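Should a chain be cited, it is by its letter among A, B, C and D, assigned in written order, with residues numbered from 1 in that chain.
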Amino acid sequence: MISLYKNLFYQSLRIRMVEEKIIEIYPSDKIQSPVHLSIGQEAVAVGICNNLLKTDLLYSSYRSHAYYLAKGANLNKMFAELYGKVTGCGKGKAGSMHLAEKSVGFMGSSAVVASTISHAVGSALASKRLNKNQVCVATFGDGASEEGSYHESLNFASVFKLPVLFVCENNGLAIHSTIDQRHSYKIHEHAKSYNLKSTYIEEGYDFMKINSLISETINEIKLTGLPQVVEIKTYRYKEHVGIGDDHHVPYRSSKDFDNWKSVDPLIQDKTLINEFSEKINAEIEAAVNFAEQSEFPADSELFTDIY
Amino acid sequence: MSDTKTVISYREALYQSMNTALSESPEVVIMGQGVDDHKGTFGSTSNLAEKYGKERVFDIPLSEEGNTGIAIGAALNGLYPIQTHIRNDFSLLAMNQIVNTAAKYKYMYGGHFEVPFLIRMIIGRSWGQGAQHSQSFQSLFAHIPGLVVIMPSSADTVLESYNYAVQKYKGPVISIEHRLLYDYNFNSNYNSNSNSQFKENPFTSRLIREGSDITIVATSIMVIEAQRVSDYLFREFKIDCEIIDLHAISHFNKEMILKSVKKTGKLIVADTSWRAYGVCAEISRIVCETDPSMLKAPVVSLGMQPTPCPTTKKLEDLFYTDDYTFTKKIIELVKGKNHNIPMTERSMNEAYKNFKGPF
Amino acid sequence: MISLYKNLFYQSLRIRMVEEKIIEIYPSDKIQSPVHLSIGQEAVAVGICNNLLKTDLLYSSYRSHAYYLAKGANLNKMFAELYGKVTGCGKGKAGSMHLAEKSVGFMGSSAVVASTISHAVGSALASKRLNKNQVCVATFGDGASEEGSYHESLNFASVFKLPVLFVCENNGLAIHSTIDQRHSYKIHEHAKSYNLKSTYIEEGYDFMKINSLISETINEIKLTGLPQVVEIKTYRYKEHVGIGDDHHVPYRSSKDFDNWKSVDPLIQDKTLINEFSEKINAEIEAAVNFAEQSEFPADSELFTDIY
Amino acid sequence: MSDTKTVISYREALYQSMNTALSESPEVVIMGQGVDDHKGTFGSTSNLAEKYGKERVFDIPLSEEGNTGIAIGAALNGLYPIQTHIRNDFSLLAMNQIVNTAAKYKYMYGGHFEVPFLIRMIIGRSWGQGAQHSQSFQSLFAHIPGLVVIMPSSADTVLESYNYAVQKYKGPVISIEHRLLYDYNFNSNYNSNSNSQFKENPFTSRLIREGSDITIVATSIMVIEAQRVSDYLFREFKIDCEIIDLHAISHFNKEMILKSVKKTGKLIVADTSWRAYGVCAEISRIVCETDPSMLKAPVVSLGMQPTPCPTTKKLEDLFYTDDYTFTKKIIELVKGKNHNIPMTERSMNEAYKNFKGPF
């Protein structure tokens, strides 16, 4: 049996290679939709989703490729969706910003910051009322925690004692704005004032560490039925939206970037990269192929699925 | 089909529909500020928490944006939430969730998700509600594809629409109720007449009075006013109004309206909100895009004056349409400006006169 | 010179007697607008406003009679406003829920819960940018703190280091809903997570204690330019809206009510009540008279002051 | 009056107006997400933070409701805040502050307070923006008394409106800018023509092309499309369109529209949003309430299809009006359905073709 480390590494690498493929394809304009890449942040998605059942529900933001894949949704359908094809997970209507796949419990990803946090709380309410024994997960950025609905969601989840895991992927940035310009609070400290347990991980590149903390957290949530917050420091390698690097712009330091890369297993562990690349590449090529071969939705699709 | 008629109030119809929802559909929860208190959302949810348990009928914090998101998330995971806003005005705080997520959930993800839930919003009138407790946002919601927006004007339109929404419809429904309708009594055919077309298709309009002289399209409480005014005009002057209860602000029956206007050539639209970008505008568009020559006279629209709502009664009375104006406009449209019909300044209708806030 | 105690007592009693007059008038239907009485909560408004200059700006909620008076606005104009007369502070357009008086820095009172909290923050921003040396005050209920904009306002004020005083009048109720049904957090504890100073007073009937804490707080804010939160426990004697008592309804205990009354100076200190009542009554009668004699706004007023 | 014309882009006009506001009016601050970053709100605020200091041009947290309230409070205490939403869609989070407080502040308190500020909101189109980055809410805002709602379609309408808003107007102004206009170049008379009536009264409509065959009322980028289509139709077929740039969605020039429709008898309305309860509806109301007989043919309205915006280009192209349809509708209205004019399926306009997101 493949070791846990290898398994998580594989999943993380797969996400990175998928996004690198997107970078490669993007200039061709075959993917006509804004992409928010997770490169640098893959370990968070992998560390969380490794501990979720398909029946556990997860909601994320527009920066959702990693979650889509980590939650076990289909790669073919993802590329098809990016290509705007009818075989995509959202029939081409979703694009990169709205990936979702019901069958694996990936319930939505919104382009309006913070707007899915409360959805996870609501799903947890339903889970509790209907005795479904699910954990519901909201993942969101540091910027999202500035929205009022974050406060409202934490309070509701805590008052109603709901099985929600809130995970803040703190990459220190909202577009180009650094966190100290925006936050008077520490996310994991602030959360505690809502009478819930909250933890913090600094090593957002370390999928093993994330996995083990989340594993514990999920177990506790299943046991107690109570919400928890986890804040994970991470690092966004690429520009906010699009495929470019932007460390030449002085809004953040490339020294931090270098530090981060120096501990990033997906860069450092050349052995495993070599071991897995071929297989992953093959899967990706097949998915791209699937997307290329697929049809665009029929014109009539414009008017379906509204009401 | 039995023709037993029962008389029930709007409030009783609301209560019945809430009770039916809870008793027939185990997935229903009613979550709203004060739904479980002794006032029970003006009587429409009274004692339901006791009857069905606080797990199913419960109070929630003052967090409209979050609460609406929570309802959406709950709907996505198997509940049917019914939410309440005791004033339509507060729903603006939930606008993002309603418009950006609820209305788009099904479409945006390619049809794989459904968000069945009902939001009840109450509009008011009279007695110093003021600028922030008097608004009526049907046109804002109805502008957005993906939302069903209704304004029940009677006990049966409540029963038809709410029972259907809960039991059959799979998307978000926004219902705007008028507080001053709560105390009105209505003949109800809902229980006796089991084959009503509106049980299967409630999100449409109703022709509630046939007439040949003029078409009145009305919403919410303006339907009641239209009826009273029409009865009066027919009794006194044999002016014969046709009345359409628009009801489904987002899904009204265009053919019904066009057919009526073709017949009468005259159109008056009576709505509870401002006229600019409102219901009359939309009805005018439908007529203009089809065939403006069906109009034999200018359209008249009645609604709130183009100002925020003032608190003092003196100005509030001018802010809203009274039935004197309603009557006068109809007579002028049907008989021309030089109609020679004697009109005395009639008082506001009883509900407004007798209503004493606060609510 | 009149003592501080006497002065604050006088102001508190005046507010109570004004509201008792409203109760007396209300059945006549001359005041046609929903009233949210502050009876039981007067000490909070008095204790705050005693420490404010006219140039310091205050925003409150629909429960604003007490603030209007404590901030020094005119009583004649208040009754005229309740009567819907053109001589009212809002020309009759405001009614009970929207009292305001610019000349004394009482800047607004909104019927939408929590909606003025951010206004105080904005005014403090202007004060800082324009070197006006004002303190800006937001007063609001415990229920208001559940709204997302409360979180947003605390964060903004703290990040931008603005001279705002947030005062939560915690009467434990939002309409009929008790605080434990709605709050996972303690207001004054939660506030601290925004990196600002926060204090709590249990004795919301004690205008002396409130006054002295607020005096200190305002001095600190003027000195540091930094925001603070004060939570004050208080008790609403009357029903949420309207003039009735509702202790017969089992949503709250009349024992609490009795306890509160037993320490309420405006009930217990009969000597001062006797000393001041006549003078206050005369002022109130004159104000009611003024309101009665005043004109309603002209019809044309409907269309003024929109743009 | 000099007739020196200059050519500037919409972006430059925005930038100039922001720069003028900061340099001429010490009370102006620009507060918005990313206004001080290297992209500078698509170039419209670039380097202003460096030039005027971070006390006057600054980034703010992601808190739309709170931020709007903060702008209102700041306006009440002497600042003139300019806020930005890089997508119109996000303004829904601020709807409560915009509608319930900003729009009502002056009226509700009897005229004693004023809330002068400007909110810039950007709408987009093309390149997979999807359901939540493509909406255009002018009719929602324009329904509400108390708000001035504009949609500048050119460099000069930007300069006229923004300079006036900042320097003269004392209430809230909502301006909806179209992202795809940013790169367009316009002839500008603003600086040369110091007596333009629109400097003193910018919140109204502009007659931008006189013609006798048909009236086109257009908003925002649809004004550009109307011009291109009209030029083509005149050149090729001598069809002579009159174009009105509606501009002030809340305060448009009714007389101008009525006069034009009376002359041409034909009306086409081209807007950037959904048609239901939208701009065409409101224009139709004005015509219907005045005299529907001025219409010699059914009105045509162009806007987004009544669906959420799909992401895939294939469907997105159908979702928006293209200029083939625009052209065809005009020809049919003017010449009748059997017009015999050869029409080839024309491509979308250059801006949409060449635009590559993300923005």
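Note that a contact is a pair of C-beta atoms (placed from the backbone, for glycine too) under 8 Å apart; a residue touches a chain by one contact, two chains touch by 3 or more.
Quick caveat: nothing in here was measured; it's all calculated off a predicted structure.
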By label, the chains that touch chain C as well as chain D are A, B
In terms of mean CA position, the chain most removed from chain A is C
Whole-Å distance, C-alpha centre of chain B to that of chain D, is 32
The distance between the C-alpha centres of chain A and chain B, rounded to whole Å, is 41
Rounded to the nearest Å, the gap separating the Cα centres of chain A and chain C is 45
When centres are defined as mean Cα positions, the distance from chain A to chain D in whole Å is 36
Expected list for chain D, residues touching two or more other chains, is 60-61, 63, 65-66, 89-90, 93, 96, 100, 107-108, 130-132, 145-146, 306-308, 310
Contacts with two or more other chains occur in chain A at residues 90, 92-94, 98, 110, 112, 146-149, 151-152, 155, 159, 181-183, 306
Among line, ring, star, complete and other, the chain touch graph is complete
The residues of chain B that touch chain C in their complex are 33-34, 37-39, 59-66, 89-90, 93, 127-133, 305-308, 310-315, 318-319, 356-359
Listed in rising order, the residues of chain D that touch chain B in the complex are 65, 89-90, 92-93, 95-96, 99-100, 103-104, 107-108, 130-132, 135, 139-140, 142-146, 250, 267, 273-278, 280-282, 284-285, 287-293, 295, 298-301, 306-308, 310
In their shared complex, chain C is touched by residues of chain D numbered 27, 29, 55-56, 60-61, 63, 65-79, 81, 96-97, 100-101, 105-113, 145-146, 148, 171
Note: in the complex, chain C contacts chain D through residues 57, 59, 88-94, 98, 100-102, 107-108, 110, 112, 115-127, 129-130, 132, 134, 136, 148-149, 151-153, 155-156, 159, 304-307
Interface with chain C, chain A side, in the complex: residues 146-152, 154-155, 158-159, 181-186, 189-190, 192-196
